[in-house]
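After this come two complexes, each holding chain A, first together with chain B and then together with chain C.
And now, the complex of A and B:
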């Protein structure tokens, strides 16, 4: 008889919360059962409220500050790497594969930490307009982003579904399914980090139960789907999104500058030159 | 003070040659369509019938896709530099025939010749020149690997800047290695048909540029075609939502340039006379048929009376009339349908309690016309303060503090453009940072350039046109 190892909670607005429905589902790893929240419509709405607040706070930090916050998170993850290693191994990864995955995850954190104060230099530019005007295009983050994690048992993939949007200054609602233990565990490091409350929220559950609630929610500005979805699920998402012209990105890139591009808006400002 | 009136100065329309009937342009030549349905395109300033154009049907779109597939085979084998040469040649040819295009644009669409000649056409040529030069520099355009063209791109453009919107769409799409099926607006197809002739003249490979004229049904058939891998649309937010919904089941690229309700914020420390000029240009340019028009004047309370009095005086000097008269500032409303919409919303504004000012001027007996209109005493909840009117109608709202100005400006589903008028640099930057809009004009308005990205936040759509950023609308990241 396996023992129930732990009951995890969602992480929303800087707090560990049960699903308001009280519902959980069971994830069975090699030797343990875990009870994790089955996110409901109401939980999604609460997460959006938290993420909106978190967006404002995360935005207030300078790019330099954002870099330091993300770097600090990498230090904490590294400090807890044994815990992640254990979950990955319980999920079926060999010791060396689990080890490699965590190394990759830390490298991803370091890469994006260093990107927070640089990406805008690569995406923005002065425009050489024909006339006496100063004209510059720079970028702003989209706002509240819902990201759907892959189904892989990979800590690195989880982070790669979060970091691109978070690095641009978006606040993130990260959703995981049967592999959600990793994400719920990460919540502990997020909680101990300097990320403002609500900047990064972690939900677990069955995506098909909340697909309409998320894609219809007008205060979610973008959805990034890293998981492989069926054609009919993609259709539902895009149809719902069209009501408010929500930005939808399916299988976005997970490396390089291009991984950040789906999460930014270009703002172009003109001013005349004169004496 | 006694003033002399302007003498008429009419641009001759003898320069243009309009066919009685037009087919569609596929495989590098004009063809008779499968559809036997035609619609009449009229001059909105006289209601005179100019020509009959084909209303392309589903079969015609199928043929256009076949043509485009053949075009893509040729186009994708050319080097960037070879593609650039075709676009440079097109740019040169547009310059050479720009007077002809300008007259045709004013005839078919009703815009003043002053604007079609001095704004639209120079910008059209500039767009082809600008994007021509990108065709062989795509690999160094962004710090990303593996940018690839989509293939066949469907493009649907509006009637407010017919040829300019064609150039915004076609030039970057071809430069990035895509081929195009273009559906121009039903009320303004003539300059696109003339552009097709230019494509023949420069020897653009058959099937690279395809043109199917028609109405909403033609556009729907284009949007629904499964072999089109990218749709670019400029038009209303309602149709933009329809397109996002209609294409939901397909993994395609989508860029939407939609409506706007731009706030033009005037602070009390602005250069008032310049701001008046800018506000007038912001809303009355092209009869207000501009998605980024500064249709909400957001005015600091303590300068309201002075500003409005100067504004009304300036508005009164606007000359409304024959688009081909070089003195005309405001031409004809593009269609009866659009005139009805403007009239309806203005009547709503009056019945909701707004104070209306309209200039006194004689309007021609035929054609579609609307007097330059200003609303004061309006509330943010009024329809005229919320809905896109797309006509020469300006609605005034007032504020006390900069924070309040930002709240008013952002209190809309739209986010295309905005204006800021103040002599204080730090206030410009503070305001610009807080406005949710894709294009912000500070101490100027309605300025455009091929190198300057254009496009909206929120329900004004997604994607950018123009500049280095405009390339990304036609390139996908190959993972």
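And now, the complex of A and C:
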């Protein structure tokens, strides 16, 4: 029997899409190679439109509900762990390392799932004031976040580049390069996990081709760079982003409450106490 | 066909009947032509010009039960100066409101070239006696409306009583006198292409200055096919009477790309002299936002968020 070759596609707005440019690039694993979408600038713009919609939908869910959805994602990933393991091994990891990486990834998922309804009370505050009113610092998610995955062949690192912003309620456009098979495979589990369409979008390609469009795009509220970039790339991003006051976080923390802080904003509320 | 012209731009009923008799539309050909026109590529400089055209052709519209004088004030301000950060962006053609809000809209736009259009004749259904429609229209004109958007009597149209539909438009045109009359066909309800062309020709023969696709109140709004057919009807009517009527497309046109495709249709089928707010209009509430975003994108090379443009 002939083996059916799989075509991996970008995942945007809850749909699997090819690049509108029709372009692909080749990723070679140990036993086979894949032609995956080479994301064009137009694809990025489409993803932003989808993420903008997805943000509203993701926001509508209660924090408790967000927890359930992320937990379900971990169930889906665990159910498919053999496939991830195979991809990791074909990317050059040993069996035990691949196994450990997936276990770590599932742990990360469950940890962030648990955080979804807790980070707000952990970061918010009732501020001490000298008067008859409350002063409350309340935290809100930023909006549409573009995250650039590391170059490592690691499923856990991929998730750690997505989950912090997603957990706070941001919608995420996750971009991967030569290791994007893992991310494109993850799209299938995202699709099965009740995450609203557009809340998490997966793109693959060459970041240097879209760096200007992403950093200039006014509708992207933050960029989280988990990959090592050259200083000239960082300069481009910072300069472009400054025009739209986009938040740029380079190499943000990937564990603990700290990992969520780059993606939230403080809103302070004053309220009279009354007698 | 031998024609007796009633006045400058109307036809007698008997001539109208000749015009709509045995009317046929080639559906496959129509769809192919419209699809091929949509593939025209518009490059940067032409695109900027098209976008500026679109702004000058827009009727900024709010037709909701919840409309207040405050909202009209806000919209009028946006109509006069769509993008406060860029003075090169022109004013829109008109603001389009319900009759009860015409006076306020007129007051807000008094020092500008923005016109005030009012819907009337029991928009959007048109299900009222002619006397009421006349009163409705007269009221809007007395309040200062420069343009009147009426709806055709679809009840009469579907009952086959084309004469009644024609007579009503004639009666309302008499009320309007020199005030610009736009007649809404509601193409989404007319369903077939023959109906659209027939209704277009009857409306033109009865004295409409413009024919307009939709009310924006039903889910099937404007379509490029409808616009194409209406352009054909306008052309046919010009051949018969010499009168140049205009077209207004409204309902569901939300982005610049779609709007530019409408401009291509008008340019190809009627010619560049129709690319003017005197002969072509967009009725829209959110289209302007996208056009402003695109104009700014062409200037700054950065994709924009509507968050930074005025509400309205």
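What we mean here is this: the second predicted complex is superposed on the first by the 269 of 275 C-alpha atoms of A that agree within 3 Å, B and C clash if a C-alpha of one lies under 4 Å from a C-alpha of the other, contacts with A are read in each partner's own complex, and residues count from 1 in each chain.
To be clear about the criterion, a residue touches a chain if its C-beta (ideal position, glycine included) is under 8 Å from a C-beta of that chain, and two chains touch if they have at least 3 such contacts.
This one's a predicted model, so the numbers in the text were calculated from it and none came from an experiment.
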item	value
First, second, both or neither for A:272, with chain B first and chain C second	first
Chain B versus chain C as contact partner of A:53, first or second or both or neither	neither
Which of chain B and chain C A:45 touches, first, second, both or neither	second
Which superposed partner A:129 touches (first chain B, second chain C, both, neither)	first
Contacts of A:103 with chain B and chain C, given as first, second, both or neither	neither
First (chain B), second (chain C), both or neither touched by A:18	neither
Which of chain B and chain C A:250 touches, first, second, both or neither	first
Which superposed partner A:217 touches (first chain B, second chain C, both, neither)	second
Between chain B and chain C, more extensive residue contact with chain A	B
Chain B and chain C footprints on chain A, overlapping residues	243-244
Chain A-facing residues of chain C, complex	300-305, 307-308
Chain C contact footprint on chain A (complex, rising order)	45, 48, 212-213, 216-219, 240, 243-244
Complex contact set, residues of chain A against chain B	122, 125, 127-131, 133, 135, 137, 231, 234-239, 241-245, 247, 250-251, 253, 256-258, 261, 265-272
Chain A-touching residues of chain B, taken from the complex the two chains share	126, 142-145, 237, 240-245, 247-249, 251, 256, 258, 428, 432, 437-444, 447, 449, 451-455, 457-459, 461-462, 464, 467-469, 472, 477, 479
